[in-house]
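Shared chain: chain A. Partners: chain B in the first complex, chain C in the second.
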Partner chain A sequence: MTMTRRHTLLLGAALSMSLIATACGSSTGGDSGAATTKPAGTQANAATDVDAALNAGGTITVWAWEPTLKQVVADFQAKYPKVKVNLVNAGTGNDQYTALQNAIKAGSGVPDVAQIEYYALPQFALSKSVTDLTAYGADKLDGTFTPGPWNSVRSGSAIYGLPMDSGPMALFYNKEVFDKYKIAVPATWEDYIAAAKKLHAADPKAYITNDTGDAGFTTSMIWQAGGKPYQVDGTNVTINFADPGTQRFTAAWQQLVSGKLVAPISSWSDAWYKGLGDGSIATLVIGAWMPANLEGGVKAGSGKWQVAPMPQWEAGGKATAENGGSSLAVPELGANKALAYAFIKYADVEQGVQTRMDGGAFPATTAELNSPAFKDKPFPYFGGQKVNQVLAESAGEVVPGWSYLPYQVYANSIFNDTVGKAYVSGTTLQDGLKAWQDASVKYGQEQGFSVQ
Partner chain B sequence: MTATTEHRSRAGRSAGGSSGGPLVIRRGHRRLGHPRRRRSTLLTLLTAIMLIYTLLPLAWLAINATKTQTGLFRSFGLWFDRDFALFGNIADTFTYDGGIFTRWLLNTLLYVIVGAGGATLLATLAGYGLAKFDFPGKKAVFAIVIGAVAVPGTALAVPTFLMFSNLGLTNSPWAIIIPSLVSPFGLYLMWTYAADAVPTEILESARVDGAREFQTFFRISLPLLSPGIVTVLLFNFVVTWNNYFLPLIMLKDPDWYPLTLGLKSWNAQAATAGGEAIFNLVITGSLLTIVPLVVAFLLLQRYWQSGLAAGSVKE
Partner chain C sequence: MTTAQASPPGLRAAPRTRRSWTGWRFVGPFMAVFAVVFLAPIAYSIYLSLFRTKLIGGTTFVGADNYLKVLSDAQFWSAFGRVALFLVVQVPIMLFLALLLALAIDSGRLYGTSFFRISVFLPYAVPAVVATLMWGFMYGTRFGLIGNLDDLFGITLPDPLSPSLILTSIGNIVTWEFVGYNMLILYSALRVVNLSLYEAAEIDGASQLRIIWAIKLPALRGALLIATIFSIIGSFQLFNEPSILKSLAPNAITTYFTPNIYAYSLSFAGQQFDYSATVAIVMGVITMIIAYVVQLRGMRKGAGA
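For the complex of A and B:
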């Protein structure tokens, strides 16, 4: 008897709990639904909407992993006391995109602002998961940002995010190692390969760089070489890794891979940090955001590293590419888009830019990149070199016309299954890229794209 | 590490006997009753290898928790660096990023106490009920429980996420606690244990004396069941403490992270543009994370071992 009564009680409690839960769930769903169906209004209205939202205040949730945003959020809240910003690190890169996709699919728990890397943005833009910001006045920002990042956030006349940082590439090299073996800083990729051979011959433990197959690096290298393997027009996609630019890259890089002249160490691993510190990884061709990582993670390399322009395919050339970098976007299901836009404008165009630069981030705005205070700042870590002069110049020389796939996140996730083989077996890079192309075409078709 | 291995051997032992729990106990009884002093060089050697294999990661962890970020890179992995920074590392672990490590520790404790504690309570009640009461559908319950043991939690994580998402419970502690309350293996263990450890005769005499069912349960059965409860508690404790995949997909807000996810997010910092590499804090944090597990095993081991023997005293 007692038992039965208790049982009923427990069951009742469980039932009422689930009822409350359901009520919560549906109310959240209702809110976001209302926000979605609300017309964006005319442009003039939208701009005043943004000001009105700041005055009205409210709470927004920001998903981002970029460390300097913490200070930006604090300053923003101090400036607009009625606004509360929940800054949530929902994972770095891919982890966060998966979480974001899940939340969008479930229709609840979608943040108001999300950090999205340039390579991933087309994926969210094409599915209309992120808001076109022209309605809030983002189209007036033309010329504010350097061409590389600005082109990365636009599709046709729509603008799907504001560039937060950029990664124009440069050659970071360990000057101590170069001096020790009397190697000249390579100006062309031909020189670079020669330097790789000379260095490894002089010290079998030292490598010119590390590479175990990295989709971001490979696509950036093809970008600089003038390759345009991805052509995207709406849902019509063409993938072709047989173009001359790609072949230019593979012909050169294959020599390094076949000759075992690149360290078999994955970027961002502990071994990588170690190698950057002890001289066994002598150079990195990487985005302009790298100084902060070297200063923070490779203290042993202080005073040894220098920055030079990216090696060229033609002597005297100046071509560069973007590597990494991310935007802040406003998900379509967000509840307070006007306020969200006010925040990303603050972070990416207004005072937030300087705050982030002070924290070591590399800006995407032309005004800051060209300011003397930025360019003439000496970096003690780099032996006092004014590295921003090299990096800012690189930002202006990014090869135009590059585009990523509208499902680049997936494509990059299978890079190691295809191109990665070239690093561990007899497959060539060109064959690996062909396999990557085939797998990407197949996936695109399954997703309903028209892919060739 | 040790904890998990010990557990596995315990689980393996009970799974080894085809008729489940009772066999375990009888075997233990025989071993205790007739201690055999035969030694096998091969077995000793195998056990020694196993011991080194289990202790090596622990030793590595303890040694490397004493190193600074720079020290980690310049010294041999299994020996100390010239700078001994253990206490500095521990202090930094607790203060880094506004002391979020403490928050993660408290979260983990919450999940373990409510989740693993609740799971043990439910498993005990249900296991006892199934072992000592006859009711229609018992066989069906048995089949469901055995089936549930066979389904790995990882396979259920995504459906659970979708369900919780519909309920609006994701990104809250409930998303971790509620699934943790369900422990089919614990229930099965309690069931087989109760069937053997609580003689039906005692229950009958208690009933004859006029005790109500709940009185009988708390006064008579519970003390008899305590070794089994400790085992199930330890088991659930380890599972919940080490829970990673479920929180990974359920939680987005680092304020609700358990230690496992928190440490992973610290580790991921090294792979972020502009992020700070803090391998020394990740290692020290990992060491601190396993300390409570080790302590729980050392403290509860005694009850658990005596329990195995106590349960075997059966006429």
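For the complex of A and C:
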């Protein structure tokens, strides 16, 4: 008898332990879409609502990991003494989205403002988890932001966030390494592959770049190559990684992967920062938000790095893509939406923009991008180079017409299950992308999209 | 229960009522907490598993559909196969090592027994997350211990974080973490053996091996059974180690590497809470069955001996 009781308990423990992972994921089955939006009739009053909210004051919570917002919050509170802003770092990227989705599902603890990257915003917009800001006058901001980020926050006539920064891509390279081995800065991807071979032959410990399979990087590269694997029209989604743009990318990049010419180091790891400092990772093709990260994370690289335009698929071409970048959005369940809007407008359109640029951020606003003060600012880290000239130019050359999946956060999470195989086995990138496509189609269909 | 049935009918009513109420008062506080933190989440997960929520179309009742889907889900079974393989390879190695260590300490022939005991046990006190990070650094082929060895001897050791070796590497971490814990369970079982048995054996002229075989191992049977069941549950629950190593080996550890990681990815990356709950329940039931079978076998052998 005692044995029976004991093993029942053990088994009970076994069962319940395996449930913990899921049980804490969802405390109510409630439908977040049930929350009401502001009726259209009150739109005219919305702008005055925002002013009234600022005068009345109150407390808002902001979830963001972007470092320059700290100063923005301090300035905002100084300007509007009745307003108290709690800036919370709830994790970077996916970690924060997980927390946010859980809070939304639970219906409590939802912040008033959340930082959401462009690729993730459609997922939140689709589930009506974030507020359409046209009710607060966001539609009047047309033309304020560069086209890439502005298109990323809109869906039809709705605006789900204000662009905070942008990530037009450029080639960051370690000039010291390039000079040492007398390698010319690559202008085309063909040059880039040649440079990769030359560098690795000259120093077997040095690589042109690192890559262990990164969904954000791969999609941005396909974007630049003219590929449009995702076509989204409401809930009708088409996924096709067999298009010519994608093939152009895979044909080139496969040479680097097969030839073991890319360092098997994951971005943002300790080894990565070390490699960027000691010259064993010689270039990064990455978004314009990178300078602040290099300055902060790779002190050993000071004076060695330079910025050049993104390598091109055709000699003399001018095509770039966006890589990363975030918006500030107002969750539908936030308690003080008018005040939240006042804050994101301050941070993304008004004085906050300058504050954030002073902190090293790359803006998404046209006026600031074109200002001489911005373009002509020398960067001591980059040996005095006026880095923003290259980056601002890239912002204007982003290939139009790209869109992400309305469930890109999930798709990116399974990238390494599928495309990742190309980095550790005989699978090709093209086959890996096909597997990714199939898995994404399957998920989309399960979620009720019409996917082809 | 058995006594109640055996007692004469006339005496049954009074003791029965008194017993049930007094008992409940004692277990009441426990049952309240148990119901809230144990039973309620399980009931809620079972409830969830009967629905399917879509991004487009909302929530619908699907009955047993989710369960049927799990049973034919190749990713779930590959995750299950992986932890099953882990179980049949890693657990015997770990328990054998723990047994050797426990016997060695109990033999009384070691110098510095208490130091030895604490140093074998110490890894268990290191949180799994920290242990995995530490091993992860050592496994690094570029800046880690493996990388240093390669440089020092001019060789190329196999990469412990490659897809073919990753499960072995995780097994190594888990063994390192839990050998001391299991050793302690076995050692404490050895400590309660009546010393007169050893004296009698010595008088009979038994060798140490004979003493181990005839006295110590039979005495350890119960403890070994418990250690085995804990290890089975632990293997099926494998999560921390692969989850942390994933950042170092993103292409070797998939989002369905173990059943728990699969359930985690489904709910936190895929928003499929319902299906994730189903995976967890199915895995819980499988764990129950296997633990039950092992326990039944262990008991039968115990009765036979």
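We take it that the second predicted complex is superposed on the first by the 411 of 452 C-alpha atoms of A that agree within 3 Å, B and C clash if a C-alpha of one lies under 4 Å from a C-alpha of the other, contacts with A are read in each partner's own complex, and residues count from 1 in each chain.
One rule holds for everything that comes next: contacts are C-beta pairs under 8 Å (C-beta built on N, C-alpha and C of every residue); 3 or more make two chains touch, one makes a residue touch a chain.
Values in this document were obtained by computation on a predicted structure and should not be read as measured data.
In the superposed model, A:297 lies in contact with chain B only, and not with chain C.
Applying the stated contact rule after C-alpha superposition, one finds that A:289 touches chain B and leaves chain C untouched. When the two structures are aligned on the shared chain, A:127 is found in touch with chain C, with no touch to chain B.
Looking at the shared chain after the overlay, A:202 reaches neither chain B nor chain C. Legend: residue contacts after superposition of the two complexes on their common chain; A:274 is shown touching both chain B and chain C.
Contacts of A:74 after superposition: neither chain B nor chain C is touched. In the overlay built on the shared chain, the residue A:89 is in contact with chain B alone; chain C does not reach it. Shared contact residues of chain A with chain B and chain C: 3, 18, 21-22, 25-26, 270, 274. Here chain A touches chain B in the complex through residues 2-3, 18, 21-22, 24-26, 28, 63, 65-68, 86, 88-92, 95, 99, 102-103, 106, 108-109, 165, 167, 268, 270, 273-274, 277-278, 287, 289-290, 292-293, 296-297, 299-300, 324-325, 359-361, going by the rule given at the top. Across the complex, chain C is touched by residues 3, 7, 10-23, 25-26, 29, 31, 33, 94, 98, 101, 105, 123, 126-127, 212-213, 235, 265-266, 269-271, 274, 406-407, 409-410, 413-414, 416-417, 420-421, 423-425, 443, 446-449 of chain A.
Contact residues on chain B toward chain A in their complex (touch as defined above): 69-70, 72-74, 161-162, 165-171, 212-214, 249, 252-254, 265, 268-277, 279.
Within the complex, the chain C residues that touch chain A are 38, 41-42, 44-45, 48, 51, 53-59, 140, 142-143, 162-163, 229, 233, 236-237, 239, 247-248, 250-252, 254-256, 259-260, 263-265, 267-273, 276-277, 279-281, 283-285, 287-288, 291-292, 295, 299.
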